[in-house]
Every structure is written in structure tokens, then in C-alpha cells.
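Got a structure for you, written out below as C-alpha cells; questions coming shortly.
We just call them A, B, C and D in the order they show up, numbering each chain from 1.
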Amino acid sequence: MGEQYYDTGWISILLVLLFSAFVLFNIRRAIASKGSGKEVYIRRIAGLNAIEEAIGRATEMGRPVLMVPGIGGLNAISMQALNIFGHVTKTAARFATPIRLCCADAAVYTVAQEIISETYQREGLSERFDQDSVRFISDRQFAFATGVSGTIHREKVAAAFFLGEFFAESLIFAETANSVGAIQVAGSTQNTQTPFFIAACDYVLISDEFYAASAYLSRQPVLVGSLVGQDWIKMTVMGMILFGSLASTFEVVSGLKTQERDGTQLVDGERKSISDTWFYHQLKPDAPKPEEIPQREPADGVTEEGGGA
Amino acid sequence: MNFLPLAQAPSLQFFQAPGGSQQAYIMALSAIFVGLLLMVAMFNTPIKLRRPIIILLTFLAGGFYVLSWLWPLPLGLDASQKPLNSVEAVSLTLQDGTTVMGKILQVIQGILLFLGVYSVLRVHAGRFLKRQKDWAFSLVLLCSMMAMITVGYGEYIDNVRSAGVHANAESWTFWQYGKDFLFDGMLQNMDAAMFSIIAFFILSAAYRAFRIRSIESTILLASALIMILALMGLAEYGSGQVIERITGGDPSHFANNFSLTSIRLWIRDTLQAPSIRALEWGIFIGGLAMGIRLWLSLERSGGGS
Amino acid sequence: MSHDLLKLIVGGIATIALYSILYRENKFYRFFEHVYIGLAVGFAVVGLWTENLEASWWDTMIGKAATVDGPATPGMWTFGLLLPIGVMGFMVFSKKHGWMARIPIGIILGMWGGQQFNAFATEMLPQVRDSVRVLVPTRTDSIIVPNGFVLTDQRAGAIAQETGMTVEGVRLVAQNVRLNPEREQALMQQTGANLDQITQTANAVRGLIGKEVYLTQAINNILYTLTLLSILCYFLFSFEQKGKFLNGFTRAGRLLLMVGFGAIFGSTVMTRFALLIDRMFFIFIEMLRDGIFRAGGA
Amino acid sequence: MKQPLWMEKLQQIDRKVLYLMLILATAIPLFIKGLVIPVKIEDSTGALFVKLNSLPEGSVVVIQSDWTVSSRGESAGQLEALLRILRSRKSKFVLFSAADPQAPQVARNVIRRVNKEFPDGGFKPWQDYVDLKYFPQAESFASSMASDLRKAWDRTMIDPADGRSKSVFESPVLKGVRRLEDLQLYTIVTASGTPRIVIQRFGSPSRVPIAALVTGVMGPEHMNYFAAGQLIGMSNGLRGVVELETMMVEGVNHRVDGKASKAEYKRFNGSIPPLEGAQYKRGMQYFASLHTALIMLIILVILGNMGIFTKWFRKGDA
């Protein structure tokens, strides 16, 4: 049965399992160390203060805070964004700053509704929560963009948070918010949009920093531990590349693949290319060779010609 | 063992009913009814049990995909062949199950969409009924929504009734024209308009914010400029002409390494490619870590309270 | 006025209305904004049944009886249970039963989570493999990738046999494999071989050169590896990046990151402008020139 | 340190003026006919073109068309070019979308338009292509394609010969197709990240070669997949369209009277003659406008930085 894995590659499965173990181990470690004084450390991301600063300004001006969790479906990225928004809402609720949370996915809208109302409840400010402040606009990308920019214009938001999966609409939001003078904090896991956020927003969480931000703000041991686990994975990958490069370099430089003796003269054969090296092969399962495919009986009721349908 | 039985094998599993028969309708409707009853019964679930139920369902939903990833794939098995042994048979079942799981996800997401529609109705119908600011525009929104729904379903029903005869542009009826007008004429064009409006914003953002204040922004700008220049066939051609003057058309001349194309390719392959790759990896790794957290319901707001 | 022309004109007006936000927020824009969102939500409701639930829920649940077009497919009545699960999502507005909304949400998130393992394995690991580079030159007789190669007798003989040229001819071609028309003409005269043979030989020699790593290539590979590692290092969060070396390394990572972002910016600008050009084509050529004016003139 | 007035003014041009200038810059070149701008062939586009041109007659290619009118500017040109090349190879294709319910209709419009160019009427449904319409849930659809094409593509289509609707696997296109391995090429014309999903779910890249024709936004990201061999070819945005059109008109490494070709692809050993009757189309028509727009962008960035430049020079003086 083992040879079946030939198609998927043992190494890749082992690596993913190892990486998962890193994450789980560190989450355990973080939970265990919580409150013991020797908590798991994560460094502060430069400029995270921008979030507090933005809410502060909105409060001063008495204008709403806008939050957009991207247009992605319900997945971990939107969840992470909503976690951060929960944090933002907490502060906003205390100062009675109005909030607007615009969603493009109904499932995300459901979760947002729940998280935000829970935040108000926990702060004991349920009466300040307006269900309509969490809105579903449209699931169509640019209808959503139009709706959000309309909201920005008409409500003259003072602070805008764009965190999550953003695509082309990112710049529409950023420039519109800029034109009404809102302070903006943005972060997208879509790297294609980050340069536009860099160009147009006041503060940008680049790539991974987005994950780190929610861990840092919430200080949940699960998030902190997972972040450390991610670091371990990264370091392993870095090690793999370094080791792999050195090993392959050694293999390519040190020897020729074949050396044939032709009469009395030593003739150089083919030099190994990088794809012939041992390390490279570890991560590259080959497609099955024809002779490895076992012979099987035809299934019931299936003729050679007509097929199954 | 297959979830989706082959057409020729009508031996039904317990969760199946003969297609399109009265039995199928009755069983499906009773399943809905029993489900709703169960849901009402669940109102009284003790608080202690609530979280485990959610965690278990989350775990099962994700567990299917984890299992089908871990289970060995048969080598070159195709649909017309019998599996060799039980390992292959299970693998086949898992693969069939992928389609079913996909459908389940789609159905649940679909039903949740009503929540979104409910939100839209609440906000805009409320604004209209209470005659709040901009109530007229809310009315416009509701009307155009109703128009789209009417025409959309009208066309759908008309197509079903006429067995697709009206689908040809020659035999269109009111419904087809209506849908074409609202959808192709308006919605699609407005999509394209909003998409292309970004070009204006890029221009003003670049003019306003692309300042070479720090080393970072200078590098960003320089890299972008080289990319933009090299995208332009003319700039590329012009620089090619200059290089050709120097080399005299000799492709083995050293100066060829300094053409705009060569410089851009060098930057792309040596610096851009790894930097984009490193960024992507951060996201992949984060995705894996979050996948584990959500699947096992470790996160507070992920699955339970 | 024909349907097509009407469609064009309304599409054009809608486009201009949405563009008017560039001037300032106005009633014209606001009107079309609300039309747009209304149409989009309406379309979602239409698509919900016609594109989604009908096929993936109803037809699966009820199945199909056998017809001339095909055999029967059995109905999976168990799919009926999905409706109550979805309905649980509506409990989110109830304070008492709000927890039930987490059941459908949990299922969606669980499925997403479970898929990440496979996605990670098939997506990331081939890229790790591709990032392994040779960091040291394998030949030191040239700093840059040379234009030609001095072949051993054995090698030249093998190529000559393959291409049907003389051994001397092969050697002559191998001296400089960057061909241009003049050089090809000269080689054809000198060796008496035809153009195909010469290009074939040149390619064989290029293949040999490609297997070697020269100093400049090794430097590029080192730069590649350093860029990758330094940016990965920049995104490490579990320790303070202190120390001169580490600090410099991550700082370099941040700068190199900007090179990547610049490239993305440059390439994206192309798309954005291309889409605007297409809209201009729609308004000026399709609607005005070929639509209104031609229709008016004809 | 005060700047001259004109310089300050140049740094504070009103947004609205910029917008108007951009409209003019993109619209005016559209009215000029017959412009041809030379362009160099990228490796990724060259590889795609060569792969397409090595398809044997009657081979079956998949076109997963995942774009709608909103990205017409780039994707329409790509699909048109792809169809023209496939026609010249006498290839058959399977059309569907896994990203957007509207995408199949948009693709059908393109097919209709391209078909008008051929005297024999171009691609005929059922005979030359099958239209599988839209499959929701790209992820699970790709998984089920990887496990069993027949179950994944379980659709019917009307056979024009007798007017009955039959399983698509009875059509001349899919008659010999059972698994992914039976397809010669899998192309994805897209405005989003769908190639990534296909690469993920198909697993081993050797099962079927995958090529992507993406918008410029997705270009840099997908370049990674091309470099790692997960994609065998790629066309990047409008520029990719122009390159494809150039290769169609000029051929690849094709020489007339010993003169060097205008379209060279160095990694390719052979040469490909121009396609019969090939002309510059939409790509080249938009390319001039792209130039004016980009030049305007560059000038504006320089203007925006004038203040900083002058500061540098002043420092130099002092």
C-alpha cells in the first residue's frame, strides 16, 4: 500500500505534518505559560499605535469609524480581520463613536453581526449597538465598492480600516477615504494590492504583519502560540533552502555525473544539473511510470467504448 | 462504496431514493421537516453541550478533507475500472465525496445569502418607511432589485417552459430582452465602469503620494518605473536601437547585457521573484496555521464561545 | 430605436454617471449607485436559485427519472437536512439562540481549514524546491556566461555525428553560439553545412553551457537566496531582531520587499489602464461612433 | 528655499484636470488606425505560443474562461488570440468557467465574433467544441476533475445532426477523453487567481500541461508558477496579447531572406512561420493608448517629485 504515496510524495506529507506539529506545540506552550510571568514573546510591530490613533481621531471629530473585512468568503483571513475589528469596536463603544462595518459576503456578515453585538454586550453597552451599523452591501465586487464609497462620501468617515482579502477595489476605497480626509489603516493578504495601499493609506500592515497584528492586539495564547509556530515553520523552510542549496551546490560542483574511460583518455560526461541532485528529488515526486500502474478489471456495466455515463 | 453511484447501478443506498419519483419528494420533504423539528428541539440544548456540538461538526467537516489528503491515491485508476483492493476503494469513495462536500458547502453558503438580502432590505426598507434622509434613493434601490428579480426569474421560468427554444437571439421574448437589458446593458457595464475607474485613482495616487522621501519609497518607485518602461514596446525598442548602435548588431557583444529588457529580466529573476515568493510563503504558512486552528476550533471566535 | 442601441446608450449613461464621482459626489451618481446595488443584489437572488441551489440542492435531493437523454440519477433525500442547517444561521439575530448560528459557520470554517493541508503541500513545496540554487561557480574559465565553448574531441565528435556536420565545423560553431544572420552566412560558407545543421549544433552547445554555472550566475543565485531569506527573516515575530547582523539583514529584507512591490505596481498599472482604454473604446468607438452616429446617419 | 511659482503649481494640479487629461490620453489614440508598435517576446509568452503551435491536429484543449466584461480590456484579446491559434492548429476545445456564472456567455460572444473571421464559419458547436457552461465551487470542481473527468463534466449538449441532447462525451471532441492525461493542454483565461486552484488540486504538474492567460495584476504572482514549472506558458495582460498577436503575424524566429525575425524567442530552437491571414487586432489597437497613459503617469510622478529634486540641487549649490 505504501507505494501508492508515490503519486503524492512521502516527504511532502511528512513535512506538512511536522509543520502542523510546530503550530500545535507552540499553542500548547503559549497556553501553558499564560499568566506564569514567562509568557511567550512576540515583538511589537512598528506603528500598531495607528489603530488607537485612528479611533481617537474619529472620537474627537464625532464621525464614524468604517471597517471593511475585504470581499473574501468566510475563511481564516476574514475571521482574523473581524478579530481586529472586535478590538476596534471595543474602543469605539466606550467612547460612543459610531461604527460602520460593510460586508460583501453573507456568511462573513453573519459572523460580524455576532462578534460586534457580543463586543457591545461584554462592554455592557448593548443599548449603543445598532444592528444596522453592520451591513451587507452586495456580493458583487464592484457594486460593493460603489456602495462603500458612497457610504464614505455621505457619512464623511473619520477613520477607515481595510483589513482582509482585498482585490482591485482596494484603491477605490483608499482614494475615496483619502478624499474625505479619513485616516486609514490597511492590510491585505493579497500581495498585489499592498503597493496601492502603501501609496494611498496612512498605515499599512504588510503581508504577514496582518496575522501578527491580531495576535499582538488580542494577546490570545492561541494566536500568539500559532504565530510562534509559524516562525518555526519559516525558519525550517529557510534552513531547507540553505541546506538544499549548499548540498546541491556541493553535488553539482564536486563531481560529474559520469566519467567514462575511452581507451586511455578520461572523458568528461554530463555534468549534473540542479534537478538531478538528491535534495531536489526529495521534493519532487515523479509521475507514475506506465509499468507501475496496476492492471484492473473493468467496472460493472461499463463498456470499453461508451464509458460510464 | 461510491457516494455517487454509477448510472447503471441502481442499487440504492439507504440515503437515496429513486430519482424524480414520488418517494423521493416525500422523503426529501420529510427530511426537511424532521430537520426543522430537530432544530427546534435543539433550542433547549444545555449550555455545556453547545460548544462540543459545534466543535464536533467543524472537526468532521474539515476531517473529510484531511483524510482525503492523507489517504493514498491509486495510481492511474479511471472511472471505468474496478478498484484493486479496499485501499483503492476507500480512496475512490473519498474522491466522490469531494463533490458531495462541495455541494454541501455551496448549499449552506447559498442559504446564508438570504441573511445578506435581509440586511439590505432592513436598511433600505427602513429608511424608506421612516422617510429618513435619502429615502428616495433607497426606493430606487428596492425597485431595481425587484425589477432584476422579476425579470431574472421570468426569463428562467420562460426558458424552462419553452425548453430553451427562446434562448436563440432570433426568438427572444420580453423576458430575454429584459434580462439582456438589465444584465448585459446595465449591470455588466457598471461593473466595467467601476473597475476601470481605478485607473484614475492610480494616476492621482501616484502623483500625490509617490514621493522619494525615504530609501524604501525610492526603491519602490525605481522598481515600478523600470517595470513600466519595459512594458512599453516603444521604450524597449528605443533602448534596443541604442544598444544596437553600440554593438553593431553583434549578438555576442557584452553591451547586450545592458538593454532595458535584460535589466528588467535581471531584476525580475534575481530580486522580484524571490521577494514575491517570500511574501506568498508568509501567507501560505499563515494559511496552514489558521487552517489547523479553525479545524480544531482552537480560536475563540472560530467555532465556540 | 433598436434594442442593441438602447442597451449601448443606457450602458454608456450608466458608465458616465459612475465616472461623475470623480468630479464630486452628486445626485446623478447616487441614483446610479443605488440602481447598481439594487441590480446586483437582485441578480444574487436570481443566481442563488438558478445557478446554485437548483443544481446543487434541489436536483441532488430529488434526483432525475430516466429519460431519452440519460439514465436516472437517484435522489439524495438527506440533502433536505441542509435547509435547517442553513436556517440556523438566521438565529444570529436572536439573543437566546444566537449560538446556533455557529453551526453552519463552523461547518464552512471547518471545510476551509481541512483543505489547507493539501493546498499547502501542493502549492508551497514545489516552490521551495525551485528556490534551491547552485551558489558556487562550476567553471572558472570565464566570469560571465561565455559565447562559446572549447569542446573535447569526444564531445565534438558526438555532436558532429548527431547533426551531420564535420568535427571542425562543430568546433567552429561552438566558438560563438550567439548567431546573427551575417555570422550564419559566414559559417555556412566556411563549413559547407546548411542553416538547420548550424542552429542544431549551436543549440547543442548552448545546452552544454547551460549546465555550467559561471561566476555572474552564481552571484545572481546568491542574491536570489539572500533576498528570499532576508524577507522571510523580516517576517519573524517571535524574537526582537537585535544585533548588527540580524538588524542589517532584516533591513535589507524590507528594502528588497519594496523591489517586489514595485514590480507588482508596474504590472498592475498596465491592467488598470488597459481596462480604462477598453471603456473608452466602449464609449467613444462602440457607442458614439459605431452606435449613435452610424445609426443616425444611416 | 522658496520654489518658483510655476513649479509649485505643477505640484498641485487639481485631480479633476488629471482625470480629464487621462481620458484624452487614452481615447485619442483609439481613433488612429494601423499603428504597429514593436515588442519583444517574453519567455513565458513564447513558451505558450510554441506549446500551442506544437499541438497535433485534432488535439483537445481545455479553455477555462474565468473573466467577465469588467476585464474585457485584457482578457478578451487573450481569448481571441487563443482561439485564432487553436483554429490554425485545427484543435478542438472544451469551454467552461469555474469562477463566474456570467463568464460562459461572455466567452460565447467572443467565439461568435472570432468565428466571423473564418470563411468556413469557424468553430462549430459539438463538432469543434463543447460548451460545459458554468461549474460553481472552483476548488471542489478542480478536485473532481482530477479524480474523474467523466463525473466532473457530466453535462449534455444538443447534437445538431439529430437535434437531440446527448452526453458531451459522445461528441467528436470528447470521444477519446477519459482522464486529464488525455487532454493535450489546459488553458485558463482569467482575471483572478483560478490557475492557483487548478495547480493545487491537479497535484502533479505532469498530468496535463497547464497554461494561464492572466491579467496584468495577476502576472507577477503567476510568474512564480511559470518559473517553478507549474505552468508551461503564460500570457501577461495586454502586453501578452500584443506579443501573441506579433508572433501570429511575424512567426517565431522566422526569417525571410535571411533577415532576422521581428519576433524572436531565444529558448526555442526551431522556427514557426506566420499564421495564415493573421492580423494585428484588439491588442495592438489598445497598445498605443497604453503608451500615452503610461508616459503621462511617468511625467506626473516626476512632476510630483519636483520639490524634492530642487531641494537636492539647492543643497548642491550651497
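One rule holds in what follows: a contact is a pair of C-beta atoms (placed from the backbone, for glycine too) under 8 Å apart; a residue touches a chain by one contact, two chains touch by 3 or more.
Predicted model only: the values in this text are computed from it and were never measured.
Asks: More C-beta contacts across B-C or across A-C?
Replies: B-C
Asks: Averaging the CA atoms per chain, pick out the one whose centre lands closest to the mean of every protein CA shown.
Replies: Smallest offset from the overall C-alpha mean is found for C.
Asks: How big is the gap, in whole Å, between where the Cα atoms of chain A centre and where those of chain B centre?
Replies: Spacing between the chain centres: roughly 16 Å.
Asks: What's the distance between the Cα centroids of chain C and chain D, rounded to whole Å?
Replies: Taking the average C-alpha coordinate of chain C and of chain D, the gap between them is 11 Å.
Asks: Which positions in chain A touch two or more other chains at once?
Replies: Answer for chain A, listing residues that touch two or more other chains: 7-8, 13, 16, 19-20, 73-74, 76, 79, 107, 110-111, 131, 137-143, 146, 154, 168, 191-192, 195-196, 198-199, 206-208, 227, 234, 237, 307-309.
Asks: Mind pulling the chain B residues that touch 2 or more other chains?
Replies: Residue numbers touching two or more other chains: 7-8, 69, 73, 76, 79-80, 101-103, 105-106, 109, 112-117, 120, 134, 183-184, 187-192, 194-200, 202, 204, 206, 210, 220-221, 224-225, 228, 231, 268-269, 272-273, 276-277, 279-282, 285, 287-288, 290-294, 302.
Asks: Scan chain C for residues touching two or more other chains and write them down.
Replies: Those would be 18, 21-22, 30, 33, 36-37, 39-41, 43-44, 47, 52, 56, 70, 89, 92, 102, 104-105, 108-109, 112-113, 115, 117-123, 126-127, 129, 131, 180, 225, 228, 232, 235, 257, 260-265, 267-270, 272-273, 275-276, 278-279.
Asks: Based on which chains are in contact, what kind of graph results: line, ring, star, complete or other?
Replies: complete
Asks: Would you pull the chain D residues touching chain B in the complex into a rising list?
Replies: Result: residues 13, 15, 18-19, 22, 26, 37-40, 68-73, 102, 136-137, 139-141, 143-144, 147-148, 150-152, 178-179, 203, 220-221, 223-224, 227, 239, 242, 287, 290-291, 293-298, 300-301, 303-305, 308 of chain D touch chain B.
Asks: Which residues of chain B touch chain D in the complex?
Replies: 4, 73, 76, 78-80, 95-96, 98-99, 101-103, 105-106, 183-184, 188-189, 191-192, 194-196, 199-200, 202-204, 206-208, 210-213, 221, 225, 228-229, 231-234, 236-237, 240, 261, 268-269, 272-273, 276-277, 280
Asks: Note which residues of chain B are touching chain A in the complex, please.
Replies: Listed in rising order, the residues are 6-9, 69-70, 72-77, 79-84, 87-88, 91, 109, 112-117, 119-120, 122-123, 126, 134, 187, 190-191, 194-195, 197-198, 201-202, 204-206, 209-210, 220, 224, 276, 279-283, 285-294, 298-302.
Asks: Report the residues of chain C in contact with chain A in the complex, numbered from low to high.
Replies: Residues of chain C touching chain A: 18, 21, 25, 29-30, 33, 36-37, 39-41, 43-44, 70, 89, 92-93, 98, 101-102, 104-105, 108-109, 112-113, 117, 120-122, 125-126, 128-129, 131-136, 138, 152, 154, 210-213, 221, 225, 228-229, 232-233, 235-241, 257, 260-262, 264-265, 268, 272.
Asks: For chain C, which residues count as touching chain D in their complex?
Replies: 22-23, 47, 51-52, 55-56, 68-70, 115, 118-119, 122-123, 126-127, 129-130, 180-181, 184-185, 199-200, 203, 260, 263-264, 267-281, 283-285
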